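Input: structures, listed below.
Okay, so subunit A shows up in both of these, paired with subunit B first and subunit C after.
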Partner chain A sequence: MNSTIPSQTTLPWLWRLPALVYRSGALIISLLLIGLIVLLSGASPIEVIGRMLVGAVSTPDQIGRVVATLSTLLLCAAGLVYTFNAGLYNLGVEGQVTFGAIATTFVLRLLYPEEATASLLPPPLTIALGILAGALGGVLWGLLAGALHVYGRISEIFAGLGLNFAATGVAIYLIFGPWKRPGVASLSGTQPFDESLWLGTFGQTEATPVGLGLGLLALLITIVVMRNTYFGLRLRAVGKNQYAAHVLGVPARQQLLSAFFICGLFAGLAGAIQVVGVFHRLIPNISSNLGFLGLLVVMLVNFDPLWVLPVALFFSALNIGSLQLPLSLGLESSLAGVIQGLLVLFALLGRGLAQRYAAS
Partner chain B sequence: MNRSNNRFKALAAFTLLGVIASACAAPQSQPAPSEPTAAPQQPAPSEPTAAPPAAEPFIFGMVIVGPVNDKGWNEAHFKGAQYVVEKLPNVKFEYVDKVNPADRPNVKGSQVADEMIAKGAKLIIFNSDDFKDDALETAKKHPNIVVIHASGDYAWKEGKNYKGQPNLGNLMSKMEPGWMIAGCASALGSENGKIGTVGPLINEETRRYASAAYLGARYCWENYKKRDPKELQFKITWIGFWFNIPGVTLDPTKVADDFYNSDFDVVMSAIDTPEAAIQGKKAAEAGKAVKYHHYSYKGGCEPAPDICLGVHYYNWGPGYLDIVKRVLDGTYTATWTWAEPDWSDLNNPDTSAFGYLKGKALGAENEKFLDEFIKGLGDGSIVLWKGPLNFQDGSVFLKEGEVATDQQIWYLPQLLEGMEGPSK
Partner chain C sequence: MGLFACATAGFGLRVKVELQHIHKRFGPVHANDDVSLTVEAGTIHGLLGENGAGKSTLVKILSGFITRDSGVILLDGRPAHIRSPADALRYGIGMLHQDPLDFPPLTVVENFMAGSPSTPPILNPRAAEREFRRWCARFNFDIDPHAQVGDLTVGERQQLEIVRLLANGVGTLILDEPTTGISASQKTLLFQTLRRLADEGKSIIFVSHKLEDVEALCDRVTVMRRGQVAGELDLRPLHAGAQQASSHHPEIAARIVELMFGRALAMPTKPPTRRDEVVLSIEGLVLRSDRLEIRVDQLSLHRGEVVGIAGLEGSGQQLFLTACAGLEPPAAGSIHIAGHNLTHRPYADFLRAGVCYVPADRLREGLIAGLTIQEHVALRASGRHFFIDRAEVRAEAERAIAAFNIRGRPDTYVERLSGGNQQRTQLALLPAPLSVLVMEHPTRGLDIESTLWVWQQLIARCQQGTAILFASSDLDEIVQYSDRVIVFSGGRVSPAIPVAELDVELLGQMIGGRF
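Here is the complex of A and B:
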């Protein structure tokens, strides 16, 4: 125990409050701060939140986009539950999404060359192979981060960030180089795939049943694995205390690599969905920062997959509804990012204070 | 896992939040705001008469790729839309700027258009070549809404990419002569014949612009300065996008500096932001005899007026006004419009598709040459898209005496022979 921080037993009685007080207190402070920032930007906090939430569900298009964002976010968040529970801060999830998207694009271009008029295989099979390739690409990038961490003794944070830059660099190279549009090298991405290679959607919206199904399935599997299997138990044991787990016979390295494997798999699937379901091409920022958003979601729910769905849905709604800020209120939409960040920051703070000081 | 490691990871979590906050922040390329960045415009004041109930305003929306206060391409479009609001009563303008994957990661152009249409917009304008897919998608999805893609060619029946979408039109200012004027001014302003260009990304539009500038520079270098064309070094460095995206594009500040530090005494800007001007000013203050030429925005000489040779700028107002009027009276049909300048009065805001303002650094004598050149372009006595012209790889573009067609110019596949820099 760090001697500079008083333990619970040495605290004055006034500080020894129930955990709930710390957590709700942090939430209230975060809401007050958000309100203050919104006021300083010249708007009404109630109106801002209201517009963002209403702006996420007012039209079928908006609901479709919330669902499309949710699908990718669920895949990222489900994967991150494994790494967080293994005690890993897998910041490399963005790169895993990106590399998955690159792998999907590679296979789709292979099976539907630019000069061709139709896919070499039936389009559903081509899409399926593309998605599979995305998963494998994510696994490859995840395991690379895992190997650097486990065998190279490099912090997974720095390994992940480095691999994010590398994946983005590869994507940009391909978009400006071998995969550029005919006669055009632009950040707008590669040539869009033929519509036969687009995932089917709910009506005219952007939400795809396949994307949503994969997201929900990944989450369901994660809930079952983390709560009802020895694998989940061992993973948590490694996350709590790697040395103790090792002493008790848990193969820590294997568990850590498994966590990277699964997270990479789900993130790669997310990248594949971004390609075949959302953008229909490879763009430089194909992840749309949803991997980072997934980190916030999982941290906010204290790594418990049971709560991922509602929080991810809320964040997806904020993400889509934030477009109303410039449209309706003349505000910068990055305010939504500030709101999300503050909520998570104070949730972490409340949890940390509760763990350290709360009366048992 | 020991405690120090946990603290380190907690620190990393906060770092992550910082990363996300910075990812959400405004782009670094955005100049200091001189305009409101995203305030929807109010409808023009209604007539002061009391009687009839106010009709619903006509709403048109614009999806803008960069910041509206960029002193460049985007601001010119924004001003064009404002011009329409000033000229027509009961017309309302909505917009969202910075619609690009770096600034708004999970936002597509078509998504913004959907939002505007849901709020009542009857006309949607996409202001960048990068929105060609979004424009087509929006037009297909909303067949009763007129969609204009500024700079594209999907509505050009004689073009290579005609889509036949009845509600999708194109508008583009015919800026090629403007680039010829810019090239001429740059050659007149150069002492050593070394002209550098800070270019955006490579596509048909930027290739023909750069080539037009080269043709203008070569003509004036040879005919007015009476110098050997072989002495002219015309180099372009493409940064990869219309403005700086840190870590993704080349940094235009460094590109401009490289030119100024490599003895290029004139730098032309072909991007949306004013790095050539700012770095030129620094170089001049450090004692270098350098000048620059700006592009796209009327106030392009303001950052460094003493070393500015001139600026050719877009004037979207008349083109947009014509489209809105035709949509309002129900006569709009999807067309591809390559809007001409008004050669009798280039800077007329009501008639010319582009304008040209001379800078202080041009000098009185060169002004006379430039006026003569502009007059020649306007009356057709100077035709620069004329053979013999070769492509950069040595293949023939135009045979002796052959004049390029609109298609040959629009779809220029390479830079021209004599230019330095990649074509593809």
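Here is the complex of A and C:
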């Protein structure tokens, strides 16, 4: 009767492993799982990985597409570094990209009306104004989410998702309504812009120096800001403990809104590049879901901008390489998404387990 | 019992509850250290003690919310295997939580039906409503069955919970701080109901830190202190005859205070540092939270003065301190700092005026887990430049570490520091000069050496002209270091009393709500 009941909360010693074991263990498990899924779909994992990587770099054209994807992805990821470090899950990044693209399209159409034969201003200036408008559009959509979150006390996740739908809705309305192609409106988007308004590319590829430059510049600025400035430090303080940061004198609201502002700015630039550099028109899914992919990249690197470039490059290569799979192996190209999702999911799991159980 | 068939078949209505040698540790904290408690059937048993004394842990073990490390629970002499709230309910043990565990978006009847161990797969709301009305009629509760629970008052939600638990066949009812946030008439009704349930043979455990409530209601009281049972008293003499209970038995009240706080008070040790100039003055301040309303008619703090706030935790001290620091806007009244009216000014203005707040919950409110000591130092210096001068910040952090004797390096994460070193870090981050320092439990969880050191630093601040306003649950600390003392009791606030005029009995009376 006087038997003592053992505690259920103490962990078996077996679980007390170094954090690194959890992190690398999670990576290994995710790779095994990916292999298993490939096997189940009837292919060899080694071959699939090989094809994807070869597919990504086989021709200059393919490399160009990887670089084009990377440029947009870097802009989105750099912006998301700010919101993640401020403790925000800015799922609204997609909408910010889309609205940026809409704003860019608006300005380009304004300066180069459909019936005109040339841009009203010199084409480079038109493009620059278009990109600037994209940035402002992204900022507007970002601040809208920020205001809903900070002043309306709505979860930034729901605010962002709602605004994503709204932005897509606006895009589709414009494509089928006021901006529809002469003749037939279609999901393939608005009438392509005159070639004078296309961004210059590396050779005959899709990659544009301006896009890549903006992506790399955004990332570089982000690294410097997060590591070396008071602004970055305050942002992290707010993200880790908003109340304590407030008590210590950090203006939390201002920091949160700044994070939304910057993320919207970069996402808007991404949208602008998608319009003037990649699609040369507005299409319904103008973001190519690269905003969501940016979320995965930044989560995978634990919000540290220093590691964004290699991971973003890898993910871009997967995205483009996987497009070869249906042709060469008869597999779905959505395998890239599965691989990316699993990697991130298990990275988060490993981090969570390490935080919870690892021996300090 | 109709819809809610009695789930306690096999257990008589009269249940004697025994907890024997209960132990529970949370990390280094021994929350329950060999605690034994016996509650006779048909009695109301008070469980009294400060916050952190271990009383909540004990009743949560009994109600299955926490599993014990060791010890035995006996119901009518038979061991009970309680590992979850559902287990406890099967044994007829139900707990009424301080914040009712109900579903605010649902209606009263829906809540009444939820959580019954014998709910049939298809609900019968009409039968449930009839049953609910019967229960309410029995206890004179007046609740609209179709109201939304979120719209009810705390007292009504309590009544709903009591009825729900009883309908589920509860024979042992645990109430955690039930008198906080309810109206006087609701309290009277609650006490009548509990008395009636006890007379019917149910065992009631009444957890509280309010002396007056325990005295008015309970048959016996067990006082807990630092995880252990400090003593047990029979309170029935209080109820025999007289209505005005404790006035006839001051010795029982004094004995309870003694059990709660220990016998002799320490001697005042603070050197005189008070100057003539008033630095903080409060007029007609009214503060409201969802549970409390506090009024402070007049309080002036002089430069160099220390005012300690005594009282059981949750009596409104935190609300008052955060208001003085500019973190909570008052409902009425004014706060002047050094002659400037800062009422309803933003917190940044308070900071600029030299007011600083040091919260008790160091890692949740005072410091930022995940940032290092030097990052905290940089954060305090933030705003002057855009780029961080790493070398300078590091040097400043090293100076602070040396001056405040912090066992850590500039790049040590604050959550890795011990409690004492976290407190030293908080003090190191305080700007100088400082007009008013507002502190909550300045030495909670610190060893004696750190405690003495912290107060040396604080008194040095006073000598430079800082006024300190602090709350503590350690009466010794309050008497040793304060010039004047204020007592909070259930939202009521005493005038400030010079420390020389205090003794343990007077303090105990005031903490119990008599002033």
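Quick note on the criterion: the second predicted complex is superposed on the first by the 350 of 360 C-alpha atoms of A that agree within 3 Å, B and C clash if a C-alpha of one lies under 4 Å from a C-alpha of the other, contacts with A are read in each partner's own complex, and residues count from 1 in each chain.
In the analysis below, contacts are C-beta pairs under 8 Å (C-beta built on N, C-alpha and C of every residue); 3 or more make two chains touch, one makes a residue touch a chain.
Being a predicted model, the structure only gives us computed values, none of them experimental.
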| item | value |
| --- | --- |
| Residues of subunit A touched, compared between subunit B and subunit C (which is higher) | B |
| First (subunit B), second (subunit C), both or neither touched by A:L233 | second |
| Subunit B versus subunit C as contact partner of A:G249, first or second or both or neither | second |
| Subunit B versus subunit C as contact partner of A:R65, first or second or both or neither | first |
| Partner chain in contact with A:C76 - subunit B first, subunit C second, else both or neither | neither |
| Partner chain in contact with A:N241 - subunit B first, subunit C second, else both or neither | both |
| On subunit A, positions contacted by subunit B and by subunit C | 1-2, 240-241 |
| Subunit A to subunit C touching residues, read off their complex | 1-2, 4-9, 228-231, 233-234, 236-237, 240-241, 243-251, 360 |
| Interface residues, subunit B side, partner subunit A - complex | 1, 3, 8-10, 12-17, 19-21, 23-26, 36-40, 94, 96-97, 100-102, 104-108, 111-112, 114-116, 118-119, 129-131, 133, 141, 201-204, 238, 240-241, 245, 247-249, 413, 424 |
| Complex contact set, residues of subunit A against subunit B | 1-2, 55, 58-59, 61-62, 65, 69, 87, 89, 91, 155, 157, 165, 168, 172, 176, 183-188, 192, 204, 206, 239-242, 279, 283-285, 287-290, 292-293, 295-296, 299, 319-320, 323-324, 326-328, 330-334, 336-338, 340-341, 344-345, 348, 352 |
| Subunit C to subunit A touching residues, read off their complex | 25, 67-72, 79, 83, 327, 347-348, 351, 357, 359, 364-371, 375-376, 378-383, 385-388, 390, 416, 429 |
